[in-house]
Structures are given as structure tokens and as C-alpha cells.
Amino acid sequence: MSINWFKYSSPQTFYPLAGKMIPWFALLATAFAIAGLYISFAIAPTDFQQGEAYRIIFVHVPAAWMSMVIYIVMAGWAALGLALNARLSAMMAQALAPTGAIFTFLALVTGSLWGKPMWGAWWVWDARLTSELILLFLYLGFIALQASIDDPRRADRAGALLALVGVVNVPIIYFSVKWWNTLHQGSSINMGAAPKMAATMLLGMLLMALAFWMYTVAVALMRVRCIMLERERSSDWVKELSLGVKS
Amino acid sequence: MLIAQGLACLRGDRLLFKNVEIELNAGGLMYVLGENGSGKSSLLRMLCGLLMPEQGSIFWDKKKIKENAENYLSNLTYIGHLNGLKDDLTALENLYMSARSAGNEVTENKALAALTAIGIERCANLPARVLSQGQKRRVALARLWLTEGKLWILDEPFAALDIASVSVLAARLGEHLANGGMAILTTHQDVAINAQSTQTLRLSS
Amino acid sequence: MLIAQGLACLRGDRLLFKNVEIELNAGGLMYVLGENGSGKSSLLRMLCGLLMPEQGSIFWDKKKIKENAENYLSNLTYIGHLNGLKDDLTALENLYMSARSAGNEVTENKALAALTAIGIERCANLPARVLSQGQKRRVALARLWLTEGKLWILDEPFAALDIASVSVLAARLGEHLANGGMAILTTHQDVAINAQSTQTLRLSS
Amino acid sequence: MQWASWSAFFYMGGYAFYVWFSFGLTALCVIWEVLSLRKRSIEALRLSKILAQG
Amino acid sequence: MNGAWMTVLRRDLLLAFRRRSDVATTLFFFLIVSSLFPLGIGPEPAVLSSIAPGVLWVAALLAGMLSLTRLFAADFADGSLEQMLLTPQSLTLLVTAKVLAHWLVCGLPVVLLAPLIGLQYALPNDALLVLIISLLLGTPALSLIGAIGAALTLGVRGSGLLMALLVLPLYIPVLIFGAGAVAASQHGMSANAHLSLLAACSLLSLVLAPLATAAALRISVE
Amino acid sequence: MNGAWMTVLRRDLLLAFRRRSDVATTLFFFLIVSSLFPLGIGPEPAVLSSIAPGVLWVAALLAGMLSLTRLFAADFADGSLEQMLLTPQSLTLLVTAKVLAHWLVCGLPVVLLAPLIGLQYALPNDALLVLIISLLLGTPALSLIGAIGAALTLGVRGSGLLMALLVLPLYIPVLIFGAGAVAASQHGMSANAHLSLLAACSLLSLVLAPLATAAALRISVE
């Protein structure tokens, strides 16, 4: 059993496995995306308050959700990597980070693109906005730390530790920021201004979220393969592999 | 007693050594020799548990050193390339505090005695900053007069020492071994140390 | 040529040495010997102008070194206890840049050749951080293959070097002296260097 | 289907800039990420090939 | 074991005493930062006292971080960190000793200095009191959390800024509760809720941070 | 001689840029620091824009301090400072090279990021312009003055540390004029007076600071 696990957790065997999985996830992602986009633009009705602007929700919310989910998954892999000292899981954590950062960035930008017409301001210090911004900082910290350590083993373990410390803090931060926001009633605007969640809208958002999920998996697998190639450059299996490909 | 089985060390993408076997018993002395960069320091750091072996494992009294770390570390005295001195503390303070925080029972007087033994009592109250290269090294080495540790791991202890101090240190090593201690050391000079059993491990890159 | 008259060095409240006389001509080699803390490094730093002599004065080509500093410094190559390497630069970058900022005309290739000469070309592109003690020392010493300086002042150049490198360095020193260079060095090992004229200055505290 | 015409669809009831910018940016990020990863893996393989041969 | 703990504490305090300038730098930084804003804003007491809690807390936070970046750097460079890892005592405990020393040297003075600056901002007395208490409760958390960052960025290029990037987001709750407490008492509300949350933060980090720091040190020294 | 100057500059830049992430880190550092204040003070745009000048100048100062205190420390510890003193070139010039490198890495990013933070703080455009100019004029002075302190703190002798403390206050005028300039333009007044004073500070320190620094280095190395 455990042998089996280690067999698949060794880069050499995981590399081709990942290669096989990528296309399927890509396919799923596109399928969900098409369905989701169809609902969000063709089916979902115009919102009587916000007009068409609300359609941003179909990228904004899934992106926001993903930004959080990915961070947690990342921390999970990191913990596994620290516990079992398994190279693969550390690599997975490292592979997820950039995608998570991108989604966070998207949540921020689409959010403020929504905010401009709704509130008339690109940015307000609202609780959720602020905590999303902080989440972006957490991602960037993780990436920067790993980027600035050259010894891969140390980079893995340092990053993993940071991710763990991060997840412990995320809820505290989120809570404190919400609280801070309620203290300053003055300017806080509630996103409740957003339309009622009609069933179709919820479906649309869910489909888009699923699309993002599948996309994330595919991309993470692609990145982890790159990392393996770069890390194990001098190992035999990479050499054989690279001799195999023509270019 | 110290046993290491099938140690391998990978630095960056270079395999420094593999299948290194060590068995060291009471009174045993081991030289680790090799050219610059052959991996001597790395091996010593590995034996201390500072560096995780790529393969293989290390046992102290039949138990993995990670498992009975407390027992192992209280028997271990390691002095590396770095002297671990604070420029702003005097020689005496440096010695006293490093010994204390290593868990040895020492008094100011004992520390002073150690400095005297290695012949730098005159510098006892000088800040480490102003000491000469060799004097710094000797302050670090003075800890060997204070520990009750069974296992000494010394990385080029003789570097930068003058002839007199070299022989003083050699004598101390001999004494330690005679009392059933063990020592592992690297060096590029050859120095005569008398021990019941002397082994030599040669690393070649 | 280098002349020093009646040098005295006071450190804190200790007079390390006084009335030290030095006269070194083209092709001359001078050993500065003495136990740890006897003042060797201090003397060398004094000769470089890093340390003000308490008494006495130092002349290069008959002129006080402070007066024709530019000329003196462009003829001087000093390598002290510290290697002066940047952990984050590769061995090659370290060598190249230190030589450049010392005013020597060097190219990457020349620098690489120097590293090859001292036998660490394999580490050329490793960050200094990961180099072993001896490898670091050798990167620092590689500058001796790049300078046109007449006067070399070396503080324990052989410390931490393995046997092979010691002889390589000794050879380079001999060559330098044969070409009418001068060298002053301290050491605790005795190494054979062939020079027309060899003097020994013994400092005793 | 509540779009009178394509132009109405693109006009997005006056919010064209915000809506299309959001979706467009998302698409851009996705495409960029995928392409850059492609490049990266090809580069890695090329390098290790050189290593393997030389 | 207690002996070793005390020794580490004593050694760091002694070192700090010998290198007073570092400590002074921290305090001075705190002073500059907190006295800079009145210049930018002008003397209206109303505005000043409204920004006082935030400014003071941010200043304290930055000052603490500024000094923390080098918590382990020197020990790492001169090899005494290796020795610390090789002592039979639990590294976690020794870390607490180091952090405590740092807090006594850099945290406490800030706490003591704060009221003076509070006066400059026309803070009422009870708010001043709350300020001191909140700093007393909060700054330990800052030191403890900062230690993790310091350990993670050991010997990493540009570690100062990198550490800021890692640690500042984690400081945010402490900042919010701390500044919130003062603000609350300014508006005549009770600050107890804030203060107890602050205490909770400190306790939590007292339990978890040393563990994380010890792990980080082991990773960094390899 | 030019060769050596360029080499020192290149070496320091290379050291700073050795990791591409460094510059990014500097930029994000400012983002975070500037996001701390709203969390401490509250989100009211009016208040925020009134403290914006202070926030930015503090960020600049902090970035300087985080890196500057170590400007020579590393060179001193690893011996490359000795080597620098032994080059035939004038030490004063080499010092300028080092300071310039430092400013490019730590000063410039502030200037570049300033507008973005300004937006977050709802600064009017003309104030933004003044802000950038003031930073351009002022940050070099911060680096130059900091260099003196950095050289002095190397001081083997206790007096050096004390001197370093005397250097710190030199920051104050720069900060006052800098923040003052922006504040002035916010209140619709002309900022020229402040700006010219700022320029004067920079010029003065450009002339004097390198000399002082070089002297301090010579003493410290003895």
C-alpha cells in the first residue's frame, strides 16, 4: 500500500500520469465554461436594479471563491509535504500558488470594475475587499519567499511552513477585518446591494466556479511537470525523456 | 557509541558522497580527510543532525539520533568552521555563556581556568572583536575543557593555531580519548594524537 | 621597494611590538612569524596603511606611503584573514569584480583562467555561499593570478587549503618573486617557496 | 434569450466597458498562463536535452 | 534546562546593552514616524486625536518589525545559531527566551514612550491608559509572529523587505484590535472586548509561534 | 578610476537584483505598509488623504532603514570593505557609487509606486505631482545621510555608536519639507518653498555626506 503510494508520489512516475490527466481536465473546464457563459449571458435575465452590470458576478464571485479555496488546498499539500517529507506534495503547493494569486487578482479587478458603476468608486475599504487584498499579499509572500531561496529543498519546506502559518491566520484576519469594518459604519457599503440570488444565477456561478476548478487542476498539473523537469534536470529519467522529444 | 550506515549527501545537484559507513566506539578517534570541497564539513554537520542525510541513518547507543535527540545532544560537542563568538562580548563571557547554554554546569572560574589551559587568560576580558584570528579560534576551542560530552566533532580545529596551541589541543584530545571519549575531526595538517584506535575516512570528489 | 623604520603598534593598552625595521627589495620574500596574537596581522595591516603606526613610518620608492598612496596602492595586493567574498555572487563574479574594483584590467576569461589555475573552475558559477571553506579561500587567492601589483601582502594564505592547493600557491609565489615581485606573508605551517632572498621577522609577545 | 440584437448584446445596457473588461481580462489571464507554461516546459526540456547530450 | 534559558536571555540582553545604538534606532524610528503626521495634517486637535490610535499603533508595529528583521541574522552569521540548535534543551523554549529579550529591549520602550506621543496628539487620559494597556497586550504578539518571519528569511537576499512582506499581513488583526481599543475608549465605549481579543492573539501566538519559529530555524540552518 | 566606480555600482546592483523578485518585493512592501494605515485609522477618505503625505514619506524612510543600516555591515564582515579601502581610487567616489546603487534599488521604487498609493488615498492630481517631485528630490538625501550612520555604526569604538545617533536627526528636515510640500499643495498653497529647501538638503548632503562617510569608514576599519 504505502509502497504503491510512494511509487506514484515519485516525480518519475507522476510525470507521465499528470501528462495523461491534463487534457481531460482541460476538456471539462472548457465544457463547464461554455455552459456557464451561455447561462450568464443568454439565460440569466437582466437585473432590474443594476441592469447588465451584475453579469460581472459570473466571473467575480467564482474567482473570489477560487482564490480562497486554492489557498486552503495549497496549505493542505504543504502540510502533507512537511509531514511525509514527500517532494511531490511540496511541488504541488508551489504549483498552485501562482494560479491562486491570479484568481485573487481577478476577484479584485472585476470587483472594482463592478464597484465603479455601483458605488461610483474604484476602491472602498470594505471588509471583503480588504481581506481579499490581504489574501493577495499572503499569496505574494509565499511566492516571493520560494523565489528567493535557491536550494529547492529548503524553499519547499520554508514555503510549506509559511503556508501553514498563513491558513491559521486567514480566519482571524477575515474576522478581524469584518469587525473593523462594522466599527467604521461610516463608509462601509454592503454587497447586499447585489441582486437576489436567482436560481439561474446561482447555477451560472456554480458552473463558472466548476470551470475554474477544472482549469486550476489542469494548470497546476502543467506547472508541476515544469517544476519536476527543472528540479530533476540532472536525473536520468529527465535526460531520457528530453532525448525522446524532438526539437 | 556512534554508528552511521550508508550515508549519502547531495548538495545542489552534486552527489558529494554515498555509502559512508561509520562505527566509532569509546576511545576511538576518526580523521575525516579529503580535498577542499570533498564534503568533510557536510559529513560532520550531518553527524550532528544539522543536515538531513539524503540516504542512510545515524545511531547513537543503537537509537536513531532524531529519536533520542536529547541524550545525543547532551553528549555531543561540535565546533565548526565558525567560532560562534559575539564580537561585543568578552572572551570570558563568550566562553561562559556558550558553555552554559550548551547545558554544561560551569562557573566563571571554571571558564577562566579553561582559557588559561589554552593559554589566552590574558585576553579574557577583551571583546572578541579585537582578538586575533588564532585567539578567537582558541576561545571557541576552550569549550573542550568544559564539556562532559562523550563525542567531539571538530571541523579543522588546528587551522590558524600556532604550534604551541596545536600541541596543547592535541594533548587535550588524547586525554579525552584516554577517558573513553570519542572524537571525529577534519584537518589538512597532520598532527600526532595518541588514541587506542585511530581510523581514517577519506572522502574523494 | 618597501622600507619601514621603527614601527610600533599599540593595541588597547598593549604594546604589541616596537622598533620593527623592514627592508624589502625586488625579488625579496619575508616571513612574519609569531604566536597567535603576537601582532602579525596588525603589522601587515599597518604596512597596507589600514592601521596607523604608533611610531615609525613606511616608505614605498623612498616616499611615505600616505604621500604617494595612489602609486603604492596600485602596486599593492593584500589578502587578509577575511576572503572578501559576497555570498550571493558566483565565484567568477566575485573574482572578476574584486579584481576590477582593485583597478586591474581583467576580462571574464582571464578571471576564469585564474580560477582554473587554482583548480576550482568547476565552482566558477556557484554562489560563494555554497562553497566550502577552502574553496572560498581559493577564490580569494585567485586574485594573485590577475594582479600586476609588485608587492603582495598575504595573511595566512595557506590556512584551510588542501595539500595540492598549497603547492600550487607556493609555485605562483615563486614565479612572482622570480619576476622581481616582493611578498610578505604570515603562516603557521612551513611551506617551501624558492626566492633569491628570504628574510624572517619573528614577533614575540 | 433577451437580446434584441447583437449590438444590444455588445452594448450591455451601457455597461459594456465594465462587463467586457472583466470577462476579457479573465480570458487574457487564462490564455497568458497556459501559454507561458507551454513555453516554460519546452524550455526546460530543451535545457535538459542539451545537458543529456553534452 | 532553566539554566540555558536564562543564559540565552541574559546573553541577548547583554548584547543589546552593548549595542545600544540598535535599540535607540528603533525608538527613534517610532518617534519620527509618529511625530511626522501632525506636520502633514496641521494642528487641529480633533483630526489629530482621531488618527492618533492608528498612527501610534502602525508606528509601533513598523518599529517592532524593523528591529525584528535581525533577530537571528547575527547568530546565523557567526555560527552561534548552530550551537543553539545543538543544545539538548528544546529549541522552542530557547526561542521564547530570545523573543522575550527582544521584546524587553524593543517592545517595552515603545510602550513606555507611547503616552508621551499620545499627549502630542491630544489624547484624553483614559484613552492614554487604554493605549498603554493595548500596547502591553499586543506588542508581545508582534514580536512572536515577527520571529517566524525572521527565521524563515534567514540568510535570504533582501531579507528585510521580504520579511516585511511575509509578516505585515499577519500583524493586521493585532493592529485592528489594538487601534480599535483606543478608538473605542475615545468614543466613550468600553474597550474590554478589543483588549480581550488582543490578549487572545498574544496567547495564541505564544503557544504556536515559537513552534513555527523553531521549525523555521531548523529549515534555514541546513 | 571610472572602471572601478562602475564596477562597484554594478556589483551592488547585481547583488540587489540577484533575485528578480527583490524589486517586486520592494514595491509590494509599500503597498502593504500603505494599506496598514486605513486599517488602523478607518476608511474615511477625507482623513486618509490628509495623512497620505506622511504615509508615503514614512514608507520611504522605512525602506531606507530596512536596507541602509546594513549598507556597509556586510562588506565589513566579509572583508570586501578593506579591499575597497585599498583600491587606488578615491574612497569618497566609491561611496557615492554604493549610495547610488542603494537609491536605485530602494529609493526609486517609492517614487514609482507613489502615484498608485496616492490614488488609494484619494489624493488630488496636483498633489500627486508634487508628491512625486518631492520624493525624487528628497529620497537621495535620505540615502546619503543614512550612509554616514551606516558607516559610523560599524564603529569598533563605542563613540561610533553614539555618533550614529547624532546622525539620525538629520532625517527630520527632509521628512518635514517633503511631507510639508505635499500638504501645502493639498491646501492649495504653492509647494515651491518646500521643494527648493528639499533640493538644498539633497545637494548639501551630496557634497558633504560622502566625505563624512569615507572618513567614518577609515576610522571603523582600523
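Order as written gives the chain letters A, B, C, D, E and F; numbering starts at 1 within each chain.
By definition in this document, a residue touches a chain if its C-beta (ideal position, glycine included) is under 8 Å from a C-beta of that chain, and two chains touch if they have at least 3 such contacts.
Because the structure is predicted, anything quoted here is derived from the model rather than measured.
Trainee: For chain C and chain D, which third chains touch each of them?
Mentor: none
Trainee: Of the chain pairs A-F and B-E, which one is connected by the greater count of C-beta contacts?
Mentor: Looking at A-F and B-E side by side, B-E shows more C-beta contacts.
Trainee: Answer with same or different: of all residue numbers used at the interface between chain B and chain C, are over half used by both copies?
Mentor: Same residues, largely: of all residue numbers at this interface, over half are found in both copies.
Trainee: Superposing the C-alpha atoms of chain E on chain F takes a rotation of how many degrees, nearest 5?
Mentor: It is a rotation of 175 degrees, to the nearest 5.
Trainee: Farthest chain from chain B, comparing Cα centres?
Mentor: Most remote chain from chain B, centroid-wise, comes out as D.
Trainee: Suppose each chain is reduced to the average of its Cα coordinates; what separation in Å results between chain A and chain E?
Mentor: That pair's centroid distance is 32 Å.
Trainee: Could you put a whole-Å number on the gap between the CA centroids of chain B and chain C?
Mentor: Distance between chain centres: 30 Å.
Trainee: Taking the mean of the C-alpha atoms as each chain's centre, how many Å separate chain C from chain F?
Mentor: 36
Trainee: For chain A and chain D, let me know how many angstrom lie between their CA-based centres, rounded off.
Mentor: Spacing between the chain centres: roughly 16 Å.
Trainee: When you check chain C against every other chain, which residues touch at least two of them?
Mentor: 81, 87-88
Trainee: By the touch rule stated above, which residues of chain E touch at least two different other chains?
Mentor: 19, 157-158, 162, 165, 168-169, 172, 176, 183, 222
Trainee: Give every residue of chain A touching chain F within the complex, in rising order.
Mentor: Interface residues on chain A, with respect to chain F: 122-125, 130, 133-134, 137, 140, 143-144, 147-148, 177, 180-181, 183-184, 186-188.
Trainee: Per the contact definition, I'd like the list of chain E residues that touch chain B in the complex.
Mentor: It is residues 1, 3-4, 7-8, 10-11, 14-15, 18-19, 74, 78-80, 82-89, 94, 221-222 of chain E that touch chain B.
Trainee: In the complex, go through chain C and note every residue touching chain B.
Mentor: Interface residues on chain C, with respect to chain B: 11-12, 34-37, 40-41, 81, 120, 123, 126, 130-135, 137-138, 156, 159-165, 188-189.
Trainee: So in the complex, which bits of chain B are touching chain A?
Mentor: Residues 12-13.
Trainee: Enumerate the contact residues on chain E facing chain A in the complex.
Mentor: 148, 152-153, 156-158, 162, 165-166, 168-170, 172-173, 176-177, 180, 183-184, 197, 201, 208, 212, 215-216, 219-220, 222
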